[in-house]
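Alright, structures below, take your time with them.
You will see two complexes here that share chain A, one where it goes with chain B and one where it goes with chain C.
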Partner chain A sequence: MTATLEELLCVQVSAELEDGGLGFIGLGTGGRSFAFAVGIPSVAVALAHRRGIDFIAQYGVALEPDIENAPRCFEDRNLLTWPSSANLAVETCLDGFKRGKMSVGFISGAQIDKYGNLNSVAIGDYRKPKVRLVGGIAQPDHAANAKRTIIILPHARRTFVEKVDYRSAFGFGDGPGHRERLGLIGGGPAKVFTDLAVLDFHPESKLMRVVSLHPGVTRQQLVEETGFALIWPDEVPTTPEPTEAERQAIAEIDPDGAFLNGRIF
Partner chain B sequence: MSKLTTIGAAARSVAPGSSLTFSGFGHAGHPLAFVRELIRQGTADLTLHAIAECWPAEFLVATGRVSRINLSNLMFEGLGRCRAISRAVEEGEVAVDDHSHLALSLRLLAGAWGVPFLPVRSMAGTDLAAVQTGVAPKYARVRSPFSDDEVGTVAALRPDVAVVHVNKADEQGNGIVYGAMSVVDAQVRSARKVIVTTERVVSADEITAENQVVTVPGIFVDAVVHTPYGAHPGGMYDEYDEDLAAMSTYYEASRSRAGLAGYFAEHVFAHADHAAYLSSLGSRRLFDLRADPALKIARGQK
Partner chain C sequence: MPGSRIPERLVSAQEAISVIPDGASVAIGGHTLRRHPMALVRELIRQRKRGLHLLGWNNGIDFDMLIGAGVAAKIETSYVGMGPLGLARNLRRHVESGAVETVDHSETTAIDMFRATALGVDFLPNRTPLGTDLMTYNDGLVEITSPFTGQTYAAVRGVEPDFVLLHAHSADVHGNVQLDEANWGDNTVDPFIGRAGKHVIVSVEEIVSTEHIRANPRRTFLPREYVTRVVHAPFGAHPCCADARYGYDQDELRRYYEASKTQETFEEYLADRVTSVGDHWEYLDKVGVANLLTSATHTSNVKGADTA
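This part shows the complex of A and B:
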């Protein structure tokens, strides 16, 4: 295909965003992780705006900033001077979650399991891990309280695991009814977007299932890159490629690749 | 009586084994001059309540000064993981206890309010709640006193010392922070001792003129230290930019323990104090980092 994977994901994520919605985009480290955690959701929101969808994004402390005039360098001083409707304190910026007002939390991680639980804390034994990761950040707060979460992460067998080494963000926990038993006000993960496929969760079993495979990706490839059994539809659709108009819009929104190439410094 | 003191005296007031929390968020507002002095003095066996203080935590862990960390995340925005911290945790040298960002800020807020705990929905059903490695428990579920619902709670934290870097303060420690506040309010009010390091020491009248934005009320403050460029190599909103070259020098050095030893020998131990550190950078470099008073940033880059 001629479109890039990032372009395809931007269009797919954008289609999920509803009029009147409020989404929380966190901050990222660098490179590919930044593109998945921050870049793709940002461009997706800007694409939605161009379709006339009134979806408000909040970047940590910056409420409703002008995404099409984003800083080309995500340092704090640039975030603080980024034109936005409000610059919130870090503590109160999470109030939208506490009150259940946040409709979408965009999250990512190093591991995900069949129930959509995420790990961004540690690989291996927690007390002496093989790899110590950055920590939960506010993602546990998204996962507990947002009306739904949209998960964007690279697809690999070491990432899609039967059981996460450390459950830092709650998906559907141990399965159906677990969220309700804990009194979590959010609805849990709605969709998972990867470099191979779009996935969601079966409404009853809460197990991850395939929605579509990206162009050129085979069923066998997805099985090999997933460490647990997925639910498959009878017919597996192909994720639509972005149109030329959509690609043009993305080029205008992110002209020098600050979002999608993850160049922050 | 004036609370002004020297950076050396303020750092000596931090006893080995203390628990500390620091201001700052991302790459700005961290009291790094104070951290360098603490490293020179060798104060060790520290516990950190690290809400967003990646740079202080990374420097103190890299020099072996930290035993325990309560954290929600420690990462360098735009760069990657904090390598010294990751390495120390992977080698079992530092014990960590993880929280959600909201939960850790609520623990400090509970300490600030003088209540034993606060309720929180996040963390239920996760390993953040199930795996408790701290000296004292952090999370418990209780029956609500007002309904039959069960609710998660997090225990109050009272740091021994909060070190907060501000744009300006008077001699009583009434301090103003411009830019990202992070959880400075809760840090200042929960700590048993508060040390303010400030870019500028100003008159009480100048603070009074802007008293609606006083972040750090002097009644909570024990010591005030005049510390220009106190957040270098990080930035300070409305004062100076992040020194990206100096930050990159550190991040490259952090690839190995030998690199780190070299970095701290050259940038910390080679200098008797903060003034000597600034002299080594040179006035031209410091001037180039100054913020434009209108734009609040130096380079005006988009």
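This part shows the complex of A and C:
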């Protein structure tokens, strides 16, 4: 594959974005996790805009900012002068989640399980964790309330686990019917994008299943890097590589790797 | 003008912080690396407070520094991280050892615990944490049923912190606290936190006259009936950014983050930047005028520019 993994994921995620959608992108924590949580969704939205899609990105509290001219440092005064249609109070923005205004939530985590539940709080015993992570942030709010969530995270056996150590963001919970029993207004996880594959969830069993493998990735490799049994289609397609035109557009949107190499401070 | 018997509330940081007893609940304003009341945080460390229960809605260097300095016994928030730098290392060390207790929230439940009290109610309903382990381990989140629709909610318990520490742009000596018109939306939770506290201490960039306050009344976000003490602390959020007033001191943030790698190097940092320094004014001398003004006036904000 000549394209980078990040380019491939940007195009894949962008294809999920539809007219009239509204998606929230947070501000992320550090380096590679910034690229997954913020960089890829940002470039995906900019690509959708170049295709003429009317998709509103809520970027923290900035509504539809000029992504292609994002500040290279997210300190307050740069965000204050970033051209946007609104700079909402954060509680107003988060109230919009609960009001059902959010059609897509972009989320990530340190662990995901077969039902798409995420953990960004603690690995191991919660009271005396092996690794203490950053906390839930707004991910529980996305997961409960967005019409669909798009999960982007690196694929590894320690990340894709049978059951998350701490369920901080609700996917399909314990399985079919759990979201409905709780009365959660959001639809749950729609797709999972990793460095190895695209995955979704079986409509009845709500178990994670393979949609496509990225170029050069084998079935054996995905099995080895996943800590639970995946559902496989009869024929496993290969994730399409980005076209030259798409790669050129990404280079224009992110010429200095601010988004895709996580270089925004 | 109001009468002449209005109490004056302007005091030094030492005096404002001295009334906080060990074991108190203390809420801290700001967000990630934005407008935390760092001058007041450093004074808590200088006065060797212990056993505090810290509350916030989204925290960063403020909580991490207090944890690393042994000030915090318990923390309650939705996030403790160092933003673009990565995971909070003092948090990791002291939570993983079991020394600091955690109470976890989502952003909305953390905001709601302050908003409830500010609204004069003891809880707010919120669907977000249903079915998550936020409810398993946080006894301030309890399932309830709407009497109108039968919908299940988590009741988010309101909190009334013993003390609230905030940083703002300006105030008069009576405690009418203002923000400039330009203030970033992530900083808007501070008024709720302020209105939820029993005893509210606000540090400000500048002390202004009551006439100035009264000429710009829409900028007052916490009027004096909510404010117990005002502290004059220019660059009081340093090394955090503070709306349009100043940006990050990236060098200082990186120095802090590097030092937080081990407890030993972190204690050297504290000795150098906090405990060997008499007060916030000496701290500003230590950081240096050139560094402060660089963070106030320099930025790499352009696509394609060097971000280093």
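Following the convention adopted for this analysis, the second predicted complex is superposed on the first by the 265 of 265 C-alpha atoms of A that agree within 3 Å, B and C clash if a C-alpha of one lies under 4 Å from a C-alpha of the other, contacts with A are read in each partner's own complex, and residues count from 1 in each chain.
The criterion applied here is as follows: contacts are C-beta pairs under 8 Å (C-beta built on N, C-alpha and C of every residue); 3 or more make two chains touch, one makes a residue touch a chain.
Remember, it's a predicted structure, so these values are computed and weren't measured experimentally.
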Original post:
Following superposition onto chain A, is the placement of chain B relative to chain C best described as a clash or a fit?
Top reply: clash
**OP:** Tell me which partner A:L184 touches in the superposition: chain B (first), chain C (second), both or neither.
**Re:** both
**OP:** Please work out whether A:D195 is in contact with chain B alone, chain C alone, both, or neither, and reply first, second, both or neither.
**Re:** neither
Original post:
Which holds for A:K130: it touches chain B only (first), chain C only (second), both, or neither?
Top reply: both
Original post:
Now for A:E225: first (chain B), second (chain C), both, or neither, which partner does it touch?
Top reply: neither
Original post:
When the two structures are overlaid on chain A, which partner does A:G173 contact: first (chain B), second (chain C), both, or neither?
Top reply: both
**OP:** Identify the partner contact of A:A62: answer first if only chain B is touched, second if only chain C is, both if each is, neither if none is.
**Re:** second
**OP:** Tell me which partner A:K98 touches in the superposition: chain B (first), chain C (second), both or neither.
**Re:** both
Original post:
Both chain B and chain C contact which residues of chain A?
Top reply: 27-31, 34, 61, 69, 71-80, 89-91, 94, 97-98, 121-122, 126-141, 144-145, 166-170, 173, 178-179, 182-185, 264-265
Original post:
How about chain A: which of its residues touch chain B in the complex?
Top reply: 27-31, 33-34, 61, 69, 71-81, 89-91, 94, 97-98, 117, 121-122, 126-141, 143-145, 166-170, 173, 178-179, 182-185, 264-265
**OP:** Quick one: which bits of chain A touch chain C in the complex? Just the residue numbers, please.
**Re:** 27-31, 34, 60-62, 68-80, 87-94, 97-98, 121-122, 126-141, 144-145, 166-170, 173, 178-179, 182-185, 255-256, 258, 263-265
**OP:** Can you check the complex and tell me which residues of chain C touch chain A?
**Re:** 31-32, 34-35, 58, 77-88, 91-92, 95-98, 102, 104-109, 111, 115, 126-134, 137, 151-152, 182-189, 192, 241-248, 250, 299-305, 307
Subject >> chain A contact footprint on chain B (complex, rising order) >> reply: 25-29, 52, 71-82, 85-87, 89-92, 95-96, 98-103, 105, 109, 121-128, 130-131, 133, 149-151, 179-183, 185-186, 235, 237, 241-242, 244, 248, 291, 295-297, 301-302
